[in-house]
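Just below sit the structures, each encoded as structure tokens.
Same chain, two partners: chain A is paired with chain B first, then with chain C.
What follows is the complex of A and B.
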């Protein structure tokens, strides 16, 4: 045992020592510190001056509907709230069940809630946002404090997982079904969210099947799946989106009007097919990481081929690649902006449409920074979540 | 049913080989059916490549070294598009690697401020859509620069405006090819000199400056060859001029369009952030003993990094780096968003004018497959050449 002697020093002295060892340990380091300080100062000055003085944020405020919902019909706008409420409920509950919220996390949440209110709480939306906040907070408190005993915990976790699985179908049904909006009218950040979630949920099973095919011992299956994966990964997404735009309707069978599906659905189909190939490569890595002993043990207890794959190999492979899957989701989330090149009014397309109006001419900086900020917040939150998952799963620690 | 049960219990089905072939035949049959169906539908689409020989009829925005007016064939237009993509990708790869290495090393710096700045850079640019970054650099920065009349001038030789960045450049003339031959000889001679000095170093145990010698040999032969060939490079400064109707123009030197600059900036900054993470991860994957040993033999920070750490980290770095290189290549296709005439943009224009969606898209995909294959092949070759070190 090493005993550490802790000497209390005055904060000023501690700060000076810290600065000396971290910033000014030698001449080169001091120079580096000064140059970096100058750079940071310059960037901060330009940014602060722009954000608080030069920028005219009215372009974002006036066009928030266009940026968040695109050309989503006004009469159906109320339909977006039930999915948001369910999301708030699940997010609050999950945080209470799985996570611990530290001070920084809590501060980030409070700041984002305030920002969202400042931007979107007008008219009835204020009350609706309030409902979402109350639901999230209530679910958090209930999950954190209200559950007595292991059994209740387990039941609540199962319910939460089921809820997350049902969120997307629920959202799609509420938005589109029963005389709702046409899919072609989906837009804004709502479209980006839907594209990313639909594509990841459709691509996951496709990717697992492709990965199994590529790892198969059957040559025909292996060649076909490998060809698919490599062809899709070989060309850029925008080229595939052009294919979806110009070629897909001509090769889809004319049943259920499949050959006349609108651009939004075509983008969804193509994003799913595209992401499937990337997920296949991720899952392939996971399959290789499953110890051969697992398969042998499963054979020894008499499981058949299908059961070995579905119950032993794939679950362990997926567990090992969860962080990589989240990275794929992040890159998919960023890539959904490409649909704006097809002329769809997603978050980016809506932002560009906003500055094409005469009164907001030349306000590109404001809308683009705002759109970039929204994408960044979601992507950064996901990457933090992925780090946390990585730690709690203990991947790479066995 | 009885037949099925009997079949399932027969030795024929029980034999693994038979079962494998039955499964594969059905799978292959299904895939073939789908492909046949697609092909049968595709007969309504236009196929063939004859249309590529026709006159293109559209001009490609003026870029440095190319000026395509549209009177030539569509093949040539496509070739110009490929050339534009290739130069964008090559410049992007070089600069992104440089930026990524600097930022990755900076993230591990002992200087708190430097490592924080590098972390902020990586986290901000990695998590923002590349397309937004491209459009931001283009419409919100480069197009907002002053116009040519009021543009920024540096010493009367560099002009920066919303029309172009113009810098001095040297163009080949006369015996340029002969001088290129001299350069090849210079490279070979400097390689030999390097080997010779390294061998001397190993024999005598004293420093024999292999790098300096090699550089001196190369520069010596190159300069002598340059003079001997009659200075086959003609320097050219950008110059202002006035076209008809008093419109300001700029000509000469190398002119970089704002489209190219915006794409290059965005691709380099975005990919650099990913490469920085790869560099950081590879350095951290090295055993700490390497740094400590380098310190123990008295190497300074810079030499420790360039002689001990980076060469070993390189081996771990190459496979994920290859992935980023491929990503950058494919991401260069976002050029369509700001109308930089890359191969996708030109392909789309051809498809717009002539139809023939399927052949055009097949050509685009084939081109990307070839480029991806070349990059992978080069990187794999490099990967085999770099020795596995450290452990």
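What follows is the complex of A and C.
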């Protein structure tokens, strides 16, 4: 029989031992620790002093509409809520279905909800935000507790996937169709989010197709896709956006109104085409990492060419390149700010425009810090999501 | 339904909706050449190229709508053409893209604090309408600095935005006056203001309208507006006004004469408030002609602009005359009209309207 001896030490003692072995193991490490601590302390002090004492956040509070919706017409403002509610429902439900919220995650969620309420909840918006919170919470509880049996789980997951796939078209229809806002009036972070979502959903399949094309054995396909990828990657995104703005209307043939397409749509197309080229190269790297034996084995069991590609090669290739892919998508999320040169007022543009109001002169630090915060939150969420995806696909374990 | 089929249905739905939205939202495009007036009338909206970051002239309000002196002239054009000042589609433009946007037909008229110069008029194929605001470069210093004129600034450090004509004008003026100085350049007005507040420079040069705006909002913690003064000298000419494309006379005439009408109304004392009274009982033939109403039972004069003879009634009712536009937008940023170049010519300024008859 084995007896476990548990030595109980006081927490203070444990902390001291940990610090000694990790932070002060020798003179050099001790010096590094002290310098780093001083640096961290200084930065934290400056930041905290600015955020809580020096900053006047009224510029953000007063301009929250400009920052989040840009020039979106006021009479259509109510239209933004149904997509938000659907998003809340799906987010809550998915968290219940696929993930588990630990204490830290719950704390982060509570803090962000309180922050959002403090900033945005005024009048009717408070109630609407409340609906979103209730929907998310209800969906989470229902998904985690309310589903009895495997079949119900599977059905709920299918519904959630279909819901996510339909979220973007739903949002676009609600915002724009049936006498809604002109697309050129979409703005603020709403525009950044729409642009990024559309571009992600369009660029991923495009990138995979381009990568397959470049790896194809047909010379025509290979040359065309290679030429496309190299051309698109050869010029900066800002140049392509200018092309979309000034050149496309003169070049495109006037069939299907191609030459009169709206500016926001042109920006979406350009972002998708541009990101597609980069994704193609990432996916190509993934394709090369799939062992030839996989293809041979698939042939041996009698799979056809399409099935080999779609079921054997591409899934494994994508699984291998998730980190690079997500990094590209995060970069795309931030590149959406470039549309401000097309005369669109995105989240960053709206933030910067706010300091041209006379009462908010000199408040640039506040709005920029806030905009940076919003970008960070979304980018971080994308990064966490990809980590979760990697874990569930067993990347780096198998 | 299997997971795959659910996904396929979703993808098809997205594609279908995408097509529908594309068909519904496609925008009109006007060719650069030809008759913009007809195109504007067909479209039902004026596309106006504007700035979103010039206090008092063109900026975004918290509710996401544009406001400012330049914006009011966009509204005046829309009011004249459609009788509705809200029929404007604003296109925010950077300084670099503005002429390209005009030339390629993305906008109908450019009203974005744009200075009238020879090369822009000729090279960039733009036509400048009447000057609506006379700006000019000035110098702001601390009130207690003892500097009263540019010649007092020998060996001073001057804060200026980089890559602007402002920087070039500064150099021209100081070299011409043989005044040694040190320029300190910045990307944005915000960083520049910070440097000036920290006394890293003795002078701050920019267009006077913008200096006045910054001065009026100078934070009390740094001494407030009285801690600063703007020197009297103006060392560059910046006549600002609406711009249209070359060879587009019908449209140019409309834009030009709407702006002139706004100035004329100021000269004649017609405001948005006394409009009804002036309309029913015009005190002079000039007023009657401006408003497109008969004078003492006579004929209604029509200038042949291709828009209704009563266009100025709508402009005045919805936007107001020059003084109203000025007082609404420019006075609040700390720039009184009296005694400046932008006073009426009757009061020693330069704002002068050719006769409307």
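The rule is simple: the second predicted complex is superposed on the first by the 350 of 398 C-alpha atoms of A that agree within 3 Å, B and C clash if a C-alpha of one lies under 4 Å from a C-alpha of the other, contacts with A are read in each partner's own complex, and residues count from 1 in each chain.
Convention: contacts are C-beta pairs under 8 Å (C-beta built on N, C-alpha and C of every residue); 3 or more make two chains touch, one makes a residue touch a chain.
What you are looking at is a predicted structure, and each value in this text was computed from that prediction instead of being measured.
Because the two structures share chain A, they can be overlaid on it, and in that overlay chain B clashes with chain C. By the document's definition of touching, both partners, chain B and chain C, reach A:364.
In the overlay built on the shared chain, the residue A:169 is in contact with chain C alone; chain B does not reach it. Applying the stated contact rule after C-alpha superposition, one finds that A:38 touches neither chain B nor chain C.
Of the two partner chains, chain B is the only one that A:379 touches; chain C does not reach it. In the superposition on chain A, A:246 makes contact with both chain B and chain C.
Of the two partner chains, chain C is the only one touched by A:66; chain B is not.
After overlaying the two complexes on the shared chain, residue contacts for A:341 are found with chain B and with chain C alike.
Contacts of A:152 after superposition on the shared chain: neither chain B nor chain C is touched. In the superposition on chain A, A:224 makes contact with chain B only, while chain C stays out of contact range.
Once the complexes are superposed on chain A, the part of chain B occupying the same space as chain C corresponds, among 38-46, 182-190, 200-208 or 236-244, to 236-244. In the three-chain superposition model, chain A touches both chain B and chain C at residues 242, 246, 250, 340-341, 352, 364.
Residues 20, 23-25, 27-28, 31, 37-38, 41-42, 44-45, 109-114, 117, 123-124, 127-133, 135-136, 139-140, 301, 330-334, 336-337, 344, 348, 351, 357-358, 361, 364-365, 368-369, 372 of chain B are the ones touching chain A in the complex.
Residues of chain C touching chain A in their complex: 1-3, 6-7, 9-11, 13-14, 17-18, 20-29, 52-56, 59-65, 89-94, 97, 100-101, 104-106, 188, 190, 193-194, 213-214, 216-217, 219, 332-333.
Put simply, chain A touches chain C in their complex at residues 62-66, 69-72, 74, 157-158, 161-162, 165-166, 168-169, 172-173, 176-177, 182-184, 187-188, 201, 242, 245-246, 249-250, 256-257, 259-263, 265, 340-341, 343-345, 349-350, 352-359, 361-362, 364. Per the touch definition, chain A reaches chain B in the complex via residues 22-23, 25, 28-29, 32-33, 36-37, 39-40, 217-221, 224, 231, 234-239, 242-243, 246-247, 250-251, 253, 330, 334-335, 337-338, 340-341, 348, 352, 364-365, 368-369, 371-372, 375-376, 379-380, 383.
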